[in-house]
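The same subunit A turns up in both complexes below, where it pairs with subunit B and then with subunit C.
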Partner chain A sequence: MKRTFVEKSIAGLAAGMSFAALAEASAREQSGALQRVDPRVKLAGMFALIVGVAASHSLSAIGAVFLLAVTLAIASRVALADLAKWVWMPVLLFSGCIALPAVFLTPGDRIGLATVQGLRTAAFLLLRAETAVSISSLLVLTTRWSNLLKALRVLRLPVVFVVILGMTYRYLFLMLETALAMFESRESRTVGVLDPADRRRLATATVGVLLSKSYQLSSEVHLAMQSRGFRGEVYVLDEFAARAVDWAWLGLFFVVAAAVAWVGR
Partner chain B sequence: MHIPDGYLSPSTCATLYAGSAPFWYTALQKMKRRLNTQAVPLLSVFAAFSFVIMMFNLPLPGGTTGHAVGMGIAAIVLGPWGAILAISVALTIQAIFFGDGGITALGANCFNMAIAGSLVAYALYRVIAGSAAMESTRRVVAAAIAGYCAINVSALLAAIEFGIQPMLFHDATGAPLYAPYPLHIAVPAMMIGHLTIAGLAEAIVSGGVVAYLQRAEPVLLKSTAPGASLDGATSRGLKPLWIALAALLVLTPLGILAAGAAWGEWMPEDFSSPQARQQIAAASSNQSPPIKAPEGLKKLASIWTAPMPRYAPPLLKSEKFGYFLSAMAGTGLILVVFLILGKLRT
Partner chain C sequence: MGGPLMFRVESAVFRYNAVVALDGVSLEIEEGKRSVLLGANGSGKSTLLRMLDGLCFPDSGTVSFRGAPITGEHLEDDAFAHDFRRRVGLVFQNPDVQLFNPTVFDEVAFGPLQMRWSKAEILARVEATMRTMEIAHLKDRPPHRLSGGEKKRVAIASVLVLDPEVLLLDEPTAALDPRSQSQIIDLLIGWGGGKKTVITATHDLGLVEDIADDCFLMQQGKLVAHATPSAILNDEALLRVANLIHEHRHAHGPAMHTHPHVHRT
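Take a look at the complex of A and B:
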């Protein structure tokens, strides 16, 4: 049976929450290799790796970084099946659809219907997209969100932005749950099929209710913050302490990032 | 429209990060000044709201569903600066946490959707809604148009960013290193989906939510409607607009009186017809056109044949009557679209 938009929205919202739950559980896995690395080192190192992959013009160098990401995932006890389900397959489907016509449309030396240049450009697109998203997912799957946020300070982001990101993440789940509950309660009271105009009215009214709930929530949060002494200044505790092994990891990330960019210059 | 990593070159990404930075800075300063201690919780909760909206599947006419970005409704409720920050934060969480949109491409995604989208939506909403009463249908229509245009401007920017990649970045064999399609493929490919499905989703969310808020919580619309009264005392309704539209329709036959084609709207055959050549030269301060139609024009002209070429359907003998009929049909189509949008309000 064709799913209604309510069911599709419920599935989408629930999927977002279950990935977050998976990431949080995986980040707490203390026996994993990357989980023990200083979050600032991981953030800076993995950002460098992604930039290296973006700058490299060599397929084999990018491929090598992809293999490194897979190795790191295994060492960090991240299930490859989870990576495939949440990361590789969606990217393959999306970027694959975009890359496929390029195989035939790119002008160049023909082999059958395809061109050599077309195959190369499609390979670049897919491999770069998969590698970059594998690295960024590894970062999220091996670092608790609260630590990741604090680590963002090493990128010299303004403190207030980091605080907003943290609060957004917290209220995100409340909003997701509220939206889910609204859709589920409507779904449970609906018999038969709504006509298209009613469906649209239902969807926009749901967004509207969510909007006014957001407004009320932000006022309440504001009052709560003020009552605890918030005067507009924000601070983040910085309790990280890099060890020798963290510096070694940082060195590894930077050397690989520089190498992949240099090989494919 | 969330551009993943690997589609844009590092230099394009860096440029767009740099292009976004002054907007982020200004937006943060303005919000802090305006809201003082309220800025942090308000922006956080609205960023969470924007994130959730992006996950909604919206039912569209024709039985399909689509996703909206929510830049229209964010710009209308929060104003342009608040919307820039809230959507940027939502995009950042999507990129870092859910791998939706790349980390190197985050600057580009924020520039296209959060910055350009919010500014376009806000400007259009303010211009079209004018000082209409808070509960007037004009605000619903204004919001729908603002959302529709904003997402299409964002999509066009993304398409241009994609389209310039193969020109600028390719290897020694000529294989493009990043997004593979040149502008003439990237722009139509991107725009077809956005002018139809995504644009409609954005129009429905923006128009529909404004219609809902008019009934349920008009206070939320107040910050971007300074001239509007909440009780509708200043409402002049849509009557003057209808009169202007009727006047324009009556004047349609004026188009028939004009000689030749509009400047720059020539067909490939016009370059070989002596009469048309004379008209082109006369309209171009006596610069005579090239002997043959330009190659690019010839090639592109054959891609799409309109169902009513030159506003004259082939079944009609009289070209003038066809022209008039086309004007009526075009206006009618646009009215039907907005009547449907207006229905959302009730």
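Take a look at the complex of A and C:
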């Protein structure tokens, strides 16, 4: 049966659930190098690396950081095949579409239809994107989501924002599962091909029902929070304790970030 | 002879818009009693449970806890709300409503954090409760990845960690497999040495005698009977009126046989 845009979107988000499951399993890999680093150090250090890569104008310096990211992935037992499937290929396709016109349209020395300057611009865009997304993916793949959320507070994000983000992530799964079950239930009762107008009508009705369910769920969750003493103020337990080795990692991240920015200044 | 009065509900009426959920309900629950609110779907037992937990308030009539009225205005008072929430805990029917934190540990720690206990006390109580509920191995797992039975145990742990005087349970064994049901029932029987106040809303007739020594039968928002579990369960006419048993027809060879049918899981 032909799927509507909404159904395709839901299916795409469901595929994202697979990545989330992969990230959870990978973050639990205790023998990995990055998994043992304090989440706050990883967050701050990798953020610095991404800033360094964005500021650098040296292809070789950015390439070196990309190789560092690959090395860290191997040391952290993150499968390169997974990185290729979930990170490198999608980024290549997405950024490639943006970079492609630059190869031909950028003025400069011609090599056939392309120009040297155009190729260089495209290479910068692709390598920067691949490196930055690889680093951020490594952060997600080596850090439990709950710890990552708590670590966000080092960026001075308000506690309430972090808690809402956590709840959004948690209930996104529930609503996605509900949406998928609704679509499966509908497909099991649908015979033949529906015309586009009917498909749109059904998709709209489904969105409406989901919205209503999510509203009802949020009211219930609020009651459950109240029942356990929630009075509008959010409190969390901070259990992190940075060790000497964590500080060493932080130093390494900052030195590399400064170096890549300085070399490519 | 019963203990001191824990809850008193007098002529409580509650409507969801035009639908009457509770229609002049009056009851008293004594300290240390294990009571069951028995009724079919839509009989008002969940609404009554929420009213006892101060999550909704009667349109007319009153509800009091240890002599103190449970009203919206009274629960605005921090000292009363703090004390009431610590003493009375509600386990919702749908554990997904109650499990809104990123990990099982955070879930169990949520209540104590709202109570502003010290970090050392929170850690000790959470660890002890997780051991008692046999969920310590799930500590770092996200609640949405748990099985139905595990979710229910975490939901109960998240309430028991506060060591409440009263435990309110809404359909505690709904949608659980037989083994999980039996574990939950054993836990309820043993909790607090069997001396704490437990109020369970259920339509499961098979559960009543195991977990209660007092039974309130509800039908269409009204309290239609109050007696011992055995007295209610042996009153076939009463159970039929309350839609908890029905006529069942099945074949014995060529002849059709009719008898009252009871669902006991």
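The rule we apply is simple: the second predicted complex is superposed on the first by the 253 of 265 C-alpha atoms of A that agree within 3 Å, B and C clash if a C-alpha of one lies under 4 Å from a C-alpha of the other, contacts with A are read in each partner's own complex, and residues count from 1 in each chain.
Keep in mind that, in the parts below, a residue touches a chain if its C-beta (ideal position, glycine included) is under 8 Å from a C-beta of that chain, and two chains touch if they have at least 3 such contacts.
What you see is a predicted model, and the numbers here were worked out from it, not measured in a lab.
Quick one: is A:L237 in contact with subunit B, with subunit C, with both, or with neither? Answer first, second, both or neither.
second
Who does A:L13 touch here: subunit B (first), subunit C (second), both, or neither?
first
In the superposed arrangement, which partner chain does A:G229 touch: subunit B (first), subunit C (second), both, or neither?
A:G229 sits against subunit C, while subunit B stays out of touch.
If we overlay the two complexes on their shared chain A, which of subunit B and subunit C does A:L217 touch? Say first, second, both or neither.
It touches subunit B and subunit C both.
Give one of first, second, both or neither to describe whether A:L174 is in contact with subunit B, with subunit C, with both, or with none.
Both partners, subunit B and subunit C.
If we overlay the two complexes on their shared chain A, which of subunit B and subunit C does A:A33 touch? Say first, second, both or neither.
In the superposed model, A:A33 contacts neither subunit B nor subunit C.
Is A:A99 in contact with subunit B, with subunit C, with both, or with neither (first, second, both, neither)?
So A:A99 only meets subunit B here.
Could you tell me if A:A44 is touching subunit B, subunit C, both of them or neither one (first, second, both, neither)?
In the superposed model, A:A44 contacts neither subunit B nor subunit C.
According to the contact criterion defined above, which of subunit B and subunit C contacts more residues of subunit A?
Of subunit B and subunit C, B contacts more residues of subunit A.
Per the contact definition in the header, classify A:A205: touching subunit B only (first), subunit C only (second), both, or neither.
first
Would you mind listing the overlap between the subunit B footprint and the subunit C footprint on subunit A?
On subunit A, the residues that contact subunit B in one structure and subunit C in the other are 145, 167, 169-171, 174, 217, 221, 225-226, 230-231.
Using the touch definition up top, name the residues of subunit B that touch subunit A in the complex.
Against subunit A, subunit B makes touches at 4-7, 9-10, 13, 28, 32, 36-49, 51-53, 55-61, 63, 65, 70, 73, 77, 85, 89-90, 92-93, 95-99, 102-104, 166, 171, 173-181, 185, 204-205, 207-209, 211-213, 216-217, 220, 343-344.
Which subunit A residues qualify as touching subunit B in the complex?
Residues 5, 8-9, 12-13, 16, 19-20, 23, 47, 50-51, 53-55, 57, 86-87, 90-91, 94-95, 99, 102, 105-109, 116-118, 120-122, 124-125, 127-129, 131-133, 136-137, 139-140, 145, 148, 158, 160-161, 163-165, 167-172, 174-176, 179, 196-197, 199-201, 203-212, 214-215, 217-219, 221-222, 225-226, 230-232, 234 of subunit A touch subunit B in their complex.
Of all residues in subunit A, which touch subunit C in the complex?
24, 28, 144-146, 149, 166-167, 169-171, 173-174, 217, 220-221, 223-231, 235-237
Which of the residues in subunit C come into contact with subunit A in the complex?
So the residues of subunit C in touch with subunit A come to 50, 53, 55, 78, 81-82, 85-86, 89-90, 92, 94, 96-103, 106, 109-111, 113-116, 119, 122-123, 140, 142-145, 158-159, 162.
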